[in-house]
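Every chain is named by a letter (A, B, C and D) in the order it is written, and numbering of its residues begins at 1.
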């Protein structure tokens, strides 16, 4: 065995049970948890500190101008995309490249639908009503958190599209490696989904 | 992964966009040393204003332009920029990249017998993102209004209303944070997954352990600062009020364009949640280097190796729950301050344990006073001073008088300047032969060491007295206060110490470049060390080891009774150790 | 190697001594930068003068901690230097492989921990509670509102009625109404505005700290009082001055370009002078343009 | 150094007593002159001594300084108002005017801005000097121009800081170290402006024949306007009146 070959890039490490990439993604997600954790803490900190009444008071119900219906629809779309992501991985695992790629494509389309709804029906609508990040602390945190989340979704879409398109070459060279990468993407995708599951209630419902 | 791997890569692939951890380590090292030097130069400029407030700076006063130093006299805003950028550059562009990016990257994979980092491309990316962050920071000096001038802590609302340099600072910080995150993922995976056969966790050199804990700190502590940076960017660019309460009146003008409803303290919580673990990011790898050098030069196993590791892990955990001890003066109640003061006292215990273990390791050793060893030895008392002076600052009542005075400056500089930077020098002298295949000249090394040791104490020791006298930090001119004017002579002394310290680095700079070509050529293992990096050729080729090593013992098997040599390397079988003469 | 080391030490020491001596001399020839009122008290290299009732407790704690630190460091340093001399590498000396089994380190670590606990629980916490959590009774104390702004301390006294007038951010004018006092509030009529902090001696003082713009820090070095002033918050501090004289108020938190010049003076005086000052400070003299000098 | 102190003192004196903005570049023949009249109770606007005890160095340049918001010339009849910016507001059409090469100066002396109200043309250079033995922090509070915020330590009577401004309605400039210190700047696209002197008079010169709207601005009393018709090189006279409500 040549000293230059990195061990455990594809096969899992006997002790940790993870290949390098998967381990790396888990660690990356840990840091993402801290990132969004800090933002959620900000939300709590500012909401606790907000006065009961007055212009700086925390908005509720109608005042938020957020429709739980649109938010709920987006939640459904994201959950569905998580399911198709898993299905894609399962198909690749079963050596079924065509179907796997189809599910990947569905995932990407659902994600794009999410972002489109977000921008077209939520952001654009609010900008139209002159509700911008500087309107109040609530909208500041709304735009920042959902914006950062939307960036994560877009990043995910780029990665998924890469694996549908140019990245698919890897399937022919090393199927296991390719499937592993889809698994890592899936982990990330589920995390982004999970963040939304927290975001939705704190912004739309509470 | 076949034979075509061995073809000669192009110059750019080999030295610029290289994925080899050693090249990246050297890139990090050179860049970070340059930034370290730049940060030091900024400080030397500030020391002029401090020692001779309002006087024209001789010789170089006129080159900084009208916006910074009209007529050679430094303006307060430029002084504040220098202060903020000195801190930022030293910590985020100098010391951390050196300790983690350079030493961690170069030495750690060698010490665990790995051919490279787990994700070589990610490694390259983290260097280049760091580089971009550095360029952004440097560029910010040239934007109108100058670089960030709200202190390296960038407390809002001051930083929210500061000049454009602050926005650049935030972008730079986002780059540096991203780079650190990529690096830390890579480090953890590499250390956990790529150890060679036989190298169990408790056979790892202490340096690798320090890197592991450091990476966890970076991984978990940096994202909140990234979040805080994003929030401050929103405040500055989108006009939000995350850190701004209602009814701000800046320069007599009511700020009606902001909604209010935010909290200035929010930033401090998010910032110090990072910045306290950051302190341990600065010190743990330094302790790792010192441990390596001490074990090697006492020719004796480290005393309390396991206790040190447990202490390090404990430090890592505790560092996440002490952050608010930087905020005792923000109007904190008795209960919360008692909680954070208690955790602060608790976190001092593992530091004491590590320091004690290192000094007891000297006992019954056979101490070789090599240049790296001198730096490592000098590290110990100075780190002790730094640590001990943290005690009055950690007691909320004593902190009332000492908070935000020069005492604080003295305290943390003793930890990071005579502490960490001496450890960095120890590391450079120790691993230089591995990187280049040549030794650094030891006469120049001794001169460098003794002068640095004396002058660095002249720089920082007076600060404790200044702090005692009540002089606040970040003052452009302390003589406006009676208590500041009374101790101005200490400032002068400190300044002269700093300039002399600058001169004392000249032998090192000469040594560093000349020895690359003219230094004494050495074998793979010039220090007769035991850890795996000394098995690889000097300098190690791409892929590091000719054959994958197997590890048979712990990292510091020096002076084993019955062995033929006074060191038993980790990779040599027990039979070979006792039979080969 | 040995010779170069000796040369190194000798040269470094020589330069070090040559350096410290003139720098101190140079430092002392510095002229005082401010011509103004003389500040009372003897300032020097140690702790500055202390003129408040509770300040001594802070000083005592600082001094005790420093004795403890010195003892610890000296003990540690003696062992360190002993090791360096006794166990240096030389012919015939070999390092021992087995670790020493001394219990000293463990006991000393436990001792350090115990003493730290004593410092924290026995000394620090009671002082903190007294100076930050248990305000003096409102009725006995002199009440002052301290309003910080870039780069000035504003002091607001309630006047004879003992009530602070209402203030509002939109009424602030840097020249006419620095505090933003509401002219329609009857309580505001007798309020006194000053840029110098005058306080009666031997009477507790409560300062309510607020800031108009950024974070400042209200630092009364001689009172051993320091408290961040945070916009959007009102934070009280209290102390009892015990010695008459003129002292300084400093800002201890970077607050912008001219942070260093954010200095005010504090005058501790007897009740009578304090009352006279309160009467007189608000009086505005007419300016006759013909008397221009 | 001595010499420069002398020139500075001279500059300050000139600025204090005989300050008139320069307007030489216009090529027309006509002039408008007049007075700014104050109708009201002068006792409601008494000047007061400013307490400069915060910075003892202020007194080194000038012992006493007085408030400058409202300066009424009580000796004349009717009473006139100093530091009023008078300018042509309408009637110039789209004509562009060359920018005066002359530098404007503003000096900080005795912890006061001299002059207290400054008018200039867009693109004209403005030099800010410090005649005090102390540090000033000049903070511009404009809407259109850059919000300059810089310091000027001790006695900078030679170099100063030179900046160029864009046209803008009068805006405030203040010192962040000495809160009582402020001044106003009015910057115009054209050269037809003046600031009333001690006697409360102004002169606008060099405009072509035509009908103009002139505007007077005072920091306390706001704006008043009047219409003036000029032709044939005759000096037109137009007084404007401020009548603050009691």
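What we mean here is this: contacts are C-beta pairs under 8 Å (C-beta built on N, C-alpha and C of every residue); 3 or more make two chains touch, one makes a residue touch a chain.
It should be emphasised that the depicted structure is a prediction, and the values quoted were computed from it without experimental measurement.
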Averaging the CA atoms per chain, pick out the one whose centre lands closest to the mean of every protein CA shown.
B
Which integer distance in Å separates the CA centroid of subunit A from that of subunit D?
60
Cα centroid separation between subunit A and subunit C, in whole Å?
49
Cα centre of subunit A to Cα centre of subunit B, whole Å, reads 34
Distance from the CA centroid of subunit C to that of subunit D, rounded to the nearest Å?
43
Subunit C: which residues touch two or more other chains?
34, 149-150, 174, 256-258, 261
Sequence positions of subunit B contacting 2 or more other chains:
54, 76-77, 246, 251-252, 260, 263
Per-residue multi-chain contacts in subunit D, two or more chains
135, 149-151, 174, 176, 179
Which chains touch, pair by pair?
A-B, B-C, B-D, C-D
Residues on subunit B engaged by subunit D in the complex (per definition of touch):
54, 66-67, 70-71, 73, 75-77, 144-145, 163, 251-253
Along subunit C, where are the residues that touch subunit B in the complex?
1, 4-5, 8-9, 11-13, 15-16, 19-20, 23-24, 26-28, 30, 32-34, 39, 41, 43-48, 57-59, 61-62, 65-66, 68-69, 72-73, 76-77, 79-80, 83-84, 87-90, 93-97, 99-100, 102, 105, 108-109, 112-113, 116-117, 119-120, 123-125, 127-129, 131-133, 149-150, 168-170, 172-174, 180, 212-215, 217, 219, 221, 224-228, 230-233, 235, 248, 250-261, 263
Can you list the residues on subunit B that touch subunit C in the complex?
51-54, 76-77, 80, 83, 149-151, 155-158, 161, 244-252, 254, 260, 263-265, 298-301, 303-304, 329-334, 337-338, 341-342, 345, 348-349, 352-353, 356-357, 359-360, 362-369, 377, 380-381, 384-385, 388-389, 391-392, 395-398, 400-405, 442-443, 446-447, 449-451, 453-455, 458, 465, 468-470, 472, 474-483, 485-493, 495-497, 500, 558-561, 566
Give the list of subunit C residues in touch with subunit D in this complex.
34-37, 149-152, 174-175, 178, 195-196, 256-258, 261, 264, 284-289, 291-293
Subunit A residues touching subunit B - in the complex, by the definition given at the top
1-8, 13, 16, 18, 20-21, 23-24, 27-28, 30-32, 34-39, 41-42, 45-46, 49-50, 55-56, 132-137, 140-141, 143-144, 148
